[in-house]
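Following this line, the structures themselves.
Two complexes are shown next, each including subunit A; its partner changes from subunit B in the first to subunit C in the second.
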Partner chain A sequence: MHIPDAFLPIGQAIVYWIIALVFFALALRWAKRELNEARIPLVAVLAAGIFALQAFNLPIAMGTSGHLVGGALAAIVLGSPYGAVFILTLVLIIQGFIFGDGGITVMGANIINMGVIGGFVGFYSYKGLKAALGSPYISAGIAAWLACVIPALAASVELFIAGTFPLVPGLIAMGTYHAVIGVIEGAITAIALYLIATVRPDILELPAGAVAS
Partner chain B sequence: MMEIRQLVIAGVALALVIGVAAVFFASGDPDGLESTALFVQGEKTLTGDSPEEGDPEAIGAGTFEYEAPMPDYTLGEDAGKPGEVMAIIAGIVISLVGVFAIARVASAGKA
Partner chain C sequence: MIELLASIERDAGGSSIIHGIDARIKLLVSIAVIVAAVAYPYAVSVYWFGLLFGGVLVILWAASRLSPRTYLQRFLMVLPFGFFLIVFQIFFKNPHYESFSPLFVLPAGMTIWTESVEFASILMVKFVICISCVILLSSTTPIHDLLRGARRLGLPSVVVLSLGMMVRYLFVFAGMYDRVGAALAAKNFHPLDASLPYRYRIRTLGYTIGMFFIRSYEQGERTYACMLSRGYGADCLDALPPKPFTAPERAALLFSFLFVVAGAVGCWVMTA
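And now, the complex of A and B:
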C-alpha cells in the first residue's frame, strides 16, 4: 500500500510528513530508552526480514497481489508500537529513496499508515486479544490482519481527501483487497512470532503465555 | 537457547532466501493500492483481472518525480534477473546495517 508521489498534493503531503516526524522522534526516544546490546541486532534483523518480505508479492486473485507490511510483527516482537514506527520508517526511507517504492513527498503518509497506524493497531489489538483469547499466535494473526486492513482504509480516506480516490469505491476496493492481503499478514506474523518465541522466548517483550500488564 | 549471533545469522539467511525467492516467484499483479487505483478509474472490475497495460498512477495529479538508483528493485532492464538479485541483496544489507547503525546511535548515551 505504498502511496506514490502522484497521489497526494504537496501541501497535504507536508502535513503527513510533520505528523510522521513527531512519531519518529518519539520512536527515537523509545530506542534510546529500550534498546541495548542484545536487542539492537534483533531490531536490525527484523528490518532486514521485513524489507525482504515486503518485496515478496503473493497473488491474492482479483488481479491483485499483496505482501507483508510488518507493523504488527515489529510492534509485537519489540513490545511497543514505537518499535514498528522505528523500523517501518527506516525501511520506507530505504525503499523510497533507493528503490523508488513509495513516493518521497508522500513518505510521511506511508510512515503514518504502515508504521504508526499499523504499529499501534497491531500492538494494542494483540494485547487485548491475548488477554481475551490466551493464544499469542492466534492473537498475533488477528492483530496483524487488523494492522493491514485499518491502515489500508486510512490510506483510502487520505486519498479521498486528496481528491485522488472517490470515498466509497476507494474504501470498498482497498478494504476488499487488504482483507485478503491481511490473511497473508496474519499468517506470516504468527509464524514469525512462533519462530522467534521458539529460539529466544526471552527476547519477546510479551512472552508466550504471559498477559501484558 | 540460540545465541544472539546465531539468531542474527539465521535471520539474515532467511531474509536472503525470501528476498531472492521474491525475484523469481513474486506476483507481477498490481498491489492492493494499485488495483484500487485501476478500479476507481474504471480500468478493472473489483474482482476481475488487471489490464496488462493499465497505469495505476494515471489518476494522480502530482508532478513531483524522483529517479531512484535501483528503480523497482532492479539495476536497470539490461541487468535482468541477476541485477534484481543484486538489488534485493543490497536492500537487505542496507536495511540490516543501516537500522543497526541508527539503533546504535539512537540508544547511545543513556545512563
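And now, the complex of A and C:
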C-alpha cells in the first residue's frame, strides 16, 4: 500500500502533502497535549510496534503474503484518530527515510491513506460498531478490516488520478488483496486488543468495555 | 525489514568522506535529487537524467566504501510493490500517450503496448534514482544524527523525541523479533505452513503480536525510566545546541543544489 516515489506527479504530491500537513498539525496539537512523561513510551512503543507489525508477512493464498497496516489498532489503543495520524506519520518517516519503503514526495499521500483515512475510519467505525454491537473485539476486528481496505482503495484512486495505474484493475487488485489482508488484520487487531485489555488494561485510553463519548 | 536495522546502523557508523558530511547536507541534497527525479517530466530524456545522477550515486557509493552487495540487498527489500506497479504498466494504456501500438499480443486477449513499456521504463529510472538516494543517505548517516539534523532544520521537538524513542524501541523489537522467530521455528510453526489449520495460524500470530507488544511496552517503560533517571526528558531536545553551517558546508550545499537543478534542466533542454 506504500505508494513509492515517482508514481505521483510532483504537483499532486504537493497537494497531498498540504492536506497531510493540516492533519499532522492537528495530530501534533494532540501529541503536545497528550504526550507527558508517562505517555511517551506508549506512543513510541506503539509506533515501533506498528513498524514491526508491518514487517510481519501474513499468509493470504497461493503462496502470496501481505502485511498489516495498524491504523485502527493505534487509534483504538490511544483513543484518538489523531493518535493514529501521529504514529503512522512517525512510521512512514522512518520507513521512507531509512528503508526507502514508501517515499519522500509521496509521503503526504501515504500519510493520508494509512494515517488519516486508516485512523479516522478505524476509530469512528470502532465507536459506532461498539455502540451498535456491544462487543469491543468484533467491533475492533471490523473497524480494522475497514481501515485496511478503504486506504488501499484510496491509494488506487490516487494512482489513477496520477495516470500511473488504471482505475478498475487497480481497485480490483488492491481491493481484493487488502480485503483478504483486512480479514487477517481484523482478527489480529481483535486478538491483540483482547490481550492488551486482559493483561494491561491501563494502557488503553478507551477501556475495551466502554464507548468513548 | 526490521532485521536489517542493525546492519543499516552498522553501515552508517562507518568512516568515509561521505559518512563525515553533515547529516543536514545529506538530507537536504537527497530530498533535492528525489524532488528533481519526481518533477522530471514523464519523457524518455529521463534516461539521461538517470545516467547522470545514477553515475553520481555510483561514485558517492564507491566513496562511502560500502559493498555493492549491501546496496543490492537493500534495493531488493523495497522493490516488490513498486516493481509490481511498474511491471503491470506494460499491459495497460495510460493517459500520458495519445496512441498505442501493440508490441506483443498474448493469449487471453492481453496485449503488451510499446508505449506502455516505454512508460514503465521511465517510471523504473525515476524509482531507482529515488530509492538509491535514500539507501545512500541512510547507509552513511546514523539515525540519531539524521534526527538531530532534522531537529536543527526545524522538525518539531516532540516529533524528533518520539522518532528517537521509536528508533530505540525498534532495536528492542528487532532483538525480540529474532527471539520470537526462533521460538516459533523451534516449535515448527510457520505462518505460511499450509499443513496447519488456518484459524490456528491466525490465533497464534495474534497472541504472538499481542505478547510482542506487551513485552516491548514493559521493556520500553523500564528503558524510559532509566533514561529519565539519567536526565533525559520530554523537553531535552529543546536544549539542542545550535550548529550553524560552516562556509565550506554552505558552499557544498549551494554547489549541490545548483548541480541538481542544472543537471535536470540540462538533460531536459538538450534532449527536447
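Some points to look at:
What we mean here is this: the second predicted complex is superposed on the first by the 210 of 213 C-alpha atoms of A that agree within 3 Å, B and C clash if a C-alpha of one lies under 4 Å from a C-alpha of the other, contacts with A are read in each partner's own complex, and residues count from 1 in each chain.
Note that in this section a residue touches a chain if its C-beta (ideal position, glycine included) is under 8 Å from a C-beta of that chain, and two chains touch if they have at least 3 such contacts.
What you are looking at is a predicted structure, and each value in this text was computed from that prediction instead of being measured.
When both complexes are overlaid on subunit A, subunit B and subunit C end up clashing with each other. Using the contact criterion defined above for the overlaid structures, shared-chain residue A:138 touches neither subunit B nor subunit C, since it reaches no partner. When the shared chain is aligned, subunit C comes close enough to touch A:191, but subunit B does not. Looking at the shared chain after the overlay, A:6 reaches both subunit B and subunit C. Once the two complexes are laid over each other on the shared chain, residue contacts for A:156 go to subunit B alone; subunit C is not touched.
Contacts of A:202 after superposition: subunit B is touched, whereas subunit C is not reached.
Once the two complexes are laid over each other on the shared chain, residue contacts for A:40 go to subunit B and to subunit C alike.
By the touch criterion defined above, A:174 lies against subunit B but remains apart from subunit C after alignment on the C-alpha atoms of chain A. Of the two partner chains, neither subunit B nor subunit C is touched by A:26. Here subunit C runs into subunit B after the superposition, and of 55-63, 73-81, 199-207 or 253-261 the stretch doing so is 73-81. Residues 1-2, 4-10, 28, 31-32, 35-36, 40-45, 47-49, 51-53, 55-59, 63, 65, 86, 90-91, 94-101, 103-105, 163-166, 169, 199-200, 203 of subunit A lie in contact with subunit B in one complex and with subunit C in the other. Contacts from subunit A toward subunit C in the complex involve residues 1-2, 4-10, 13, 28, 31-32, 35-37, 40-45, 47-49, 51-59, 63, 65, 86, 89-91, 93-101, 103-105, 159, 163-166, 169, 184, 187-188, 190-192, 194-196, 199-200, 203. Interface residues of subunit A facing subunit B in the complex, by the touch rule stated above, are 1-10, 28, 31-36, 38, 40-53, 55-59, 61-67, 86-87, 90-91, 94-101, 103-105, 152, 155-156, 163-166, 169-170, 172-174, 176-178, 181, 199-203.
Residue ranges of subunit B in contact with subunit A, taken from their complex: 1-2, 4-5, 7-8, 10-12, 14-16, 18-19, 21-22, 25-33, 35-37, 39-40, 44, 46-50, 56-57, 59-73, 87-88, 90-100, 102-104, 106-110. Per the touch definition, subunit C reaches subunit A in the complex via residues 1-5, 8, 27, 30-31, 34-35, 37-39, 42, 74, 77-78, 81-82, 85, 88-89, 92-96, 123, 126-127, 130-131, 134-135, 137-138, 143, 146, 156, 158-159, 161-163, 165-170, 172-173, 177, 191-192, 198, 201-203, 205-207, 209-214, 216-218, 220-221, 223-224, 228, 233-234.
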